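Each chain gets a letter, A, B, C, D, E, F, G and H, in the order it is written, and its residues are counted from 1.
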Amino acid sequence: MVGIIMGSLSDRKVMQQAADALSELGIAYEMEIVSAHRTPERMLAYASNARSRGLKVIIAGAGGAAHLPGMVASLTSLPVIGVPVLSSNSIDGWDSVLSILQMPSGVPVATVALDGARNAGILAAQIIGATDSEVGKRLDLFKESLKEKVAAMNDELKNQLAN
Amino acid sequence: MVGIIMGSLSDRKVMQQAADALSELGIAYEMEIVSAHRTPERMLAYASNARSRGLKVIIAGAGGAAHLPGMVASLTSLPVIGVPVLSSNSIDGWDSVLSILQMPSGVPVATVALDGARNAGILAAQIIGATDSEVGKRLDLFKESLKEKVAAMNDELKNQLAN
Amino acid sequence: MVGIIMGSLSDRKVMQQAADALSELGIAYEMEIVSAHRTPERMLAYASNARSRGLKVIIAGAGGAAHLPGMVASLTSLPVIGVPVLSSNSIDGWDSVLSILQMPSGVPVATVALDGARNAGILAAQIIGATDSEVGKRLDLFKESLKEKVAAMNDELKNQLAN
Amino acid sequence: MVGIIMGSLSDRKVMQQAADALSELGIAYEMEIVSAHRTPERMLAYASNARSRGLKVIIAGAGGAAHLPGMVASLTSLPVIGVPVLSSNSIDGWDSVLSILQMPSGVPVATVALDGARNAGILAAQIIGATDSEVGKRLDLFKESLKEKVAAMNDELKNQLAN
Amino acid sequence: MVGIIMGSLSDRKVMQQAADALSELGIAYEMEIVSAHRTPERMLAYASNARSRGLKVIIAGAGGAAHLPGMVASLTSLPVIGVPVLSSNSIDGWDSVLSILQMPSGVPVATVALDGARNAGILAAQIIGATDSEVGKRLDLFKESLKEKVAAMNDELKNQLAN
Amino acid sequence: MVGIIMGSLSDRKVMQQAADALSELGIAYEMEIVSAHRTPERMLAYASNARSRGLKVIIAGAGGAAHLPGMVASLTSLPVIGVPVLSSNSIDGWDSVLSILQMPSGVPVATVALDGARNAGILAAQIIGATDSEVGKRLDLFKESLKEKVAAMNDELKNQLAN
Amino acid sequence: MVGIIMGSLSDRKVMQQAADALSELGIAYEMEIVSAHRTPERMLAYASNARSRGLKVIIAGAGGAAHLPGMVASLTSLPVIGVPVLSSNSIDGWDSVLSILQMPSGVPVATVALDGARNAGILAAQIIGATDSEVGKRLDLFKESLKEKVAAMNDELKNQLAN
Amino acid sequence: MVGIIMGSLSDRKVMQQAADALSELGIAYEMEIVSAHRTPERMLAYASNARSRGLKVIIAGAGGAAHLPGMVASLTSLPVIGVPVLSSNSIDGWDSVLSILQMPSGVPVATVALDGARNAGILAAQIIGATDSEVGKRLDLFKESLKEKVAAMNDELKNQLAN
């Protein structure tokens, strides 16, 4: 089970892509609104109980001064994946990227690209697939599907060039 | 009483300047190591009890993905001043500046310049001096002393130019 | 009484959010157009008389090479909150952020996020609430309302996921 | 077993910190020089065989136009952790950070802070500890040790302030 | 023959400008979808065989963590021109610019401006024209045509000012 | 007469280069410490009286949130040249560059390069030389001297290559 | 007479604002398309003859790798004002700002804000007004008009607040 | 024959690496001081005559507002390689990178990494080797030597780990 959390319902549009990737790869997930700045005690409870509740990975998305991923990582020894979300008054995304990525020694956050929630879902599957060979096989099939999509695009390009 | 907190003893060199400014202006302070990422429960306790313990302002310094000022601000309704500290593997200070400054709506942090701990101390005094006329007078005298320093530098420049 | 100033009527759309936050928290305010670059003498008069006129905090918003907050801070010992406004030919907001934040030693400006006028209003209330317990209580209630909004969003998310 | 790779022996000073963290946490590792740009075929072989050779996680460090982590991630379905290394002619580290972090959809890299190799080692242990409860316990102990270090620093600060 | 490659059909809108410039200058080209991250083996084959297949120059366009130009350059001794493409979740183009430009010593990529595919086509022609005097003459004529366009714009400006 | 002003004696090392350039070109100057933030009234007096005192150009150097050039420009209709000075806690000079360059419509500052005080002196001479043909001739001679220095460097290079 | 030049007719929308400011202040101007990169010989002729043709100031606008202002400054001893224009594939304007501002010692360009052509026109008038008292008076009146506009905006704000 | 030019003798330390790479690859070169800003007419003559003098490629290095590569490219139809040099008052190299890279449509510059003169030399050889099979072979051997260096580093690492 993967936990997907975000600070506001407005982040769902981006974060749903993590859920969709997990669904495609057959991994269960839950989704919650947990705000570092507006519900700090709730965040503490969520992160502290995550391992005992059976979560394997937590995906946390946040924008601006994005403290949710790092704070959750400070409260659990599970791997935490951080998704920098481009918020409305962001300075081009630099704020969320840097406040998730530049964690101090001792408390890592596995950071993905700006608005890269789909990759967060795939990475969570890869973490589970590191020891679960069934998930590993699904990921290898997924990699094959990427190649097929490129081959299909190349065929389409050849068609366009021929006409 | 002003609370000065920082995540590591290595931040003290910068943060002591806040304490020194408060001393010069006759404001009492306390100083503690409180780490958002390594002692999150201790941070929660410190911030939650700050008002009832009689603190008026909290000054929090942090570097890199600097979550301490914003997290403390989420846990108290006292004014929180954030000092972005240039840490050793910082990306030119942008990480600490942006992760302190760009707080979401509802949870402000009064941010000062990179390594601007002295100004944090002065700002804390100004906050107290907004309603304490005695402190206000000291701040007006302090402003006068700034003018005198410039006048003295100008005299020194004139001396240098004359020779 | 909190003074809200800005350099141009075009900044009002952003700066009104400071006024609205103060209204919600029951703090009186005034609002004026004061331009550092077009009416420097008027700015000098406004800032110099602010304390004697009974203001407790000044909120100043400006864009581009944003000098209004820092110049006002040089002319009064009241706490000054600076709001970097994203102006039309701004370089992504960096100009207003840096020219407000990076004040020299001796003259602090309490800087909030880009276009963060609502937080400037809340911060002004926190400054007053540092010594005014009635305002402090309102701020604690306001913090509770933030939690309730997150809880409501979480309920809405659960509804969406269930359907 | 965790694989630690880097493009040049000059990266070892930084990357050894990943190895040291793994050692402290009782996780086996191997270390190799594999260059995306100078030995692309060797990189292809290393990444393609990683899962069948029994690796669970790959940590890849690189500087400048840092392609090693992303290219390895394109060649294996194991989780890949990328460490942006500050190289000698880097533009302040932005090049390595962005060329590791901003991976396209489908091929995630778990990115850590600039020169954050120690956190890469801890993250690799967390990935293994997501399903290995013995490693999970060691990580919980490690988290306790972080708190103790902060407590010791606070005692030292109190000593310094008392004298 | 110039090879034009890109990671996705969505890059064609930009990359077609390279093809158009080559057409105008009478240079043959081919166009393929080759993805560093989704079809790494195909990329290896394409780049390794480029010289023996008779290509003289390769133009590679990519966005985000743009590894295609650099990886192709690691696999062939032909000159490789890199076009940073502004992708949808790019951080203002900095990611693609830096991950193409900042190649390590030994493996150059001739980088052009963000979305500068037309210039990539002209540069490819200049590379061929360095030793092919016929192409050199066409390029000199092309330079003359640029002057004529400026003269025509100046006439138009004079017309506008006169009316 | 050109006025050279700066906020602190510590800026003199950079700003003296403006004075030296003016001396070489036979233009009289004066030099003063005038601080926008510490002596705002003195700045107002200096700038307001500049034209009537016979100054033709003002060169103002400042670092960090550099308000001196823009504020002086708001108080006089003389041309004002701004020199961004790299101060000790500057964020790589971006703060002083942007807070001098990005002036709002109506109040220009002629900005030169970071620490470019020598160019500020030359530009002041060019402004005077726009209408003073004697100064114009000296500037043309100065341009010739630049060519001679390049020719001498080229001779030195040829010597080095021959040995 | 002020010369206004730009590299392309597409820059006219921005650069016309310089012409309009000069018209308002009663200063004659001419406008030409001169491209550093497409008509280098024409640029050389224009700049070399500028002083003898009676120009007092040159305003040059350019975008991207903006070489026109600096190259013109290398070819004349007249003051040259550079206007960084935000071009279509610019990286947020940084390219034009830096390639105009950061001129080497000996060859200054008076740089104004991004798209700040109106300020370029005002600065050109200030340069002429440094020695022409009639123009100086017009500039002082212009400064008064700025104050009146702020007063009018303040009245409008008071009206809005009263209703 | 490859032409290597730079604006100042102080750039030679960096630019010599281009010459050394060409020497290693058996390509003749010449080296000259040519300054865009101090000797514009000399630059015009050098670039205009380059093709007729038998040059195949020009490598131009420059720092700050680096106009030399782009201006040379405007004056010749030969391929021009630009080397951004980190100059003493550079803003972290961004100025030279952007003013070389972001050339307008019609006039490409093949840009290499900051201070990447060695890669400029290799790229010049690759351009010649695109049609000269003898040089192509030398470049393939050079690529092999890169692999051998990595293998040697890996052996050294294994030695270090074993001891």
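Basically, a residue touches a chain if its C-beta (ideal position, glycine included) is under 8 Å from a C-beta of that chain, and two chains touch if they have at least 3 such contacts.
This one's a predicted model, so the numbers in the text were calculated from it and none came from an experiment.
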Given subunit B and subunit D, the chains that contact each of them: A
Chain centre separation (subunit C, subunit H; CA means) in Å: 51
Subunit B and subunit F: spacing of chain centres that average the CA atoms, whole Å: 34
Cα-centroid distance, subunit F relative to subunit G, in whole angstrom: 18
For subunit D paired with subunit F, centre-to-centre distance based on mean C-alpha positions, whole Å: 48
Per-residue multi-chain contacts in subunit G, two or more chains: 7, 38, 64-65, 89, 91-92, 94, 97, 101-104, 106-107, 109, 113-114, 116, 146
Chain-chain contacts as defined at top: A-B, A-C, A-D, A-E, B-C, B-D, B-F, C-F, C-G, D-E, D-H, E-G, E-H, F-G, F-H, G-H
Contact set on subunit F toward subunit C in their complex: 7, 36-38, 40-41, 44, 63-67, 70-71, 73-75, 87, 89-91, 94-95, 98-104, 106-107, 109
Complex contacts: residues of subunit B adjacent to subunit C: 51, 56-57, 77-79, 81, 97, 101-114, 116, 118-120, 122-123, 126-132, 136, 139-140, 142-143, 146
Subunit G contact footprint on subunit E (complex, rising order): 86, 92-94, 97, 113-116, 146-147, 149-151, 153-154, 156-157, 160-161
Subunit E partner contacts - residues on subunit G that touch it in the complex: 7-9, 12, 31-35, 38-39, 42, 64-65, 89, 91-92
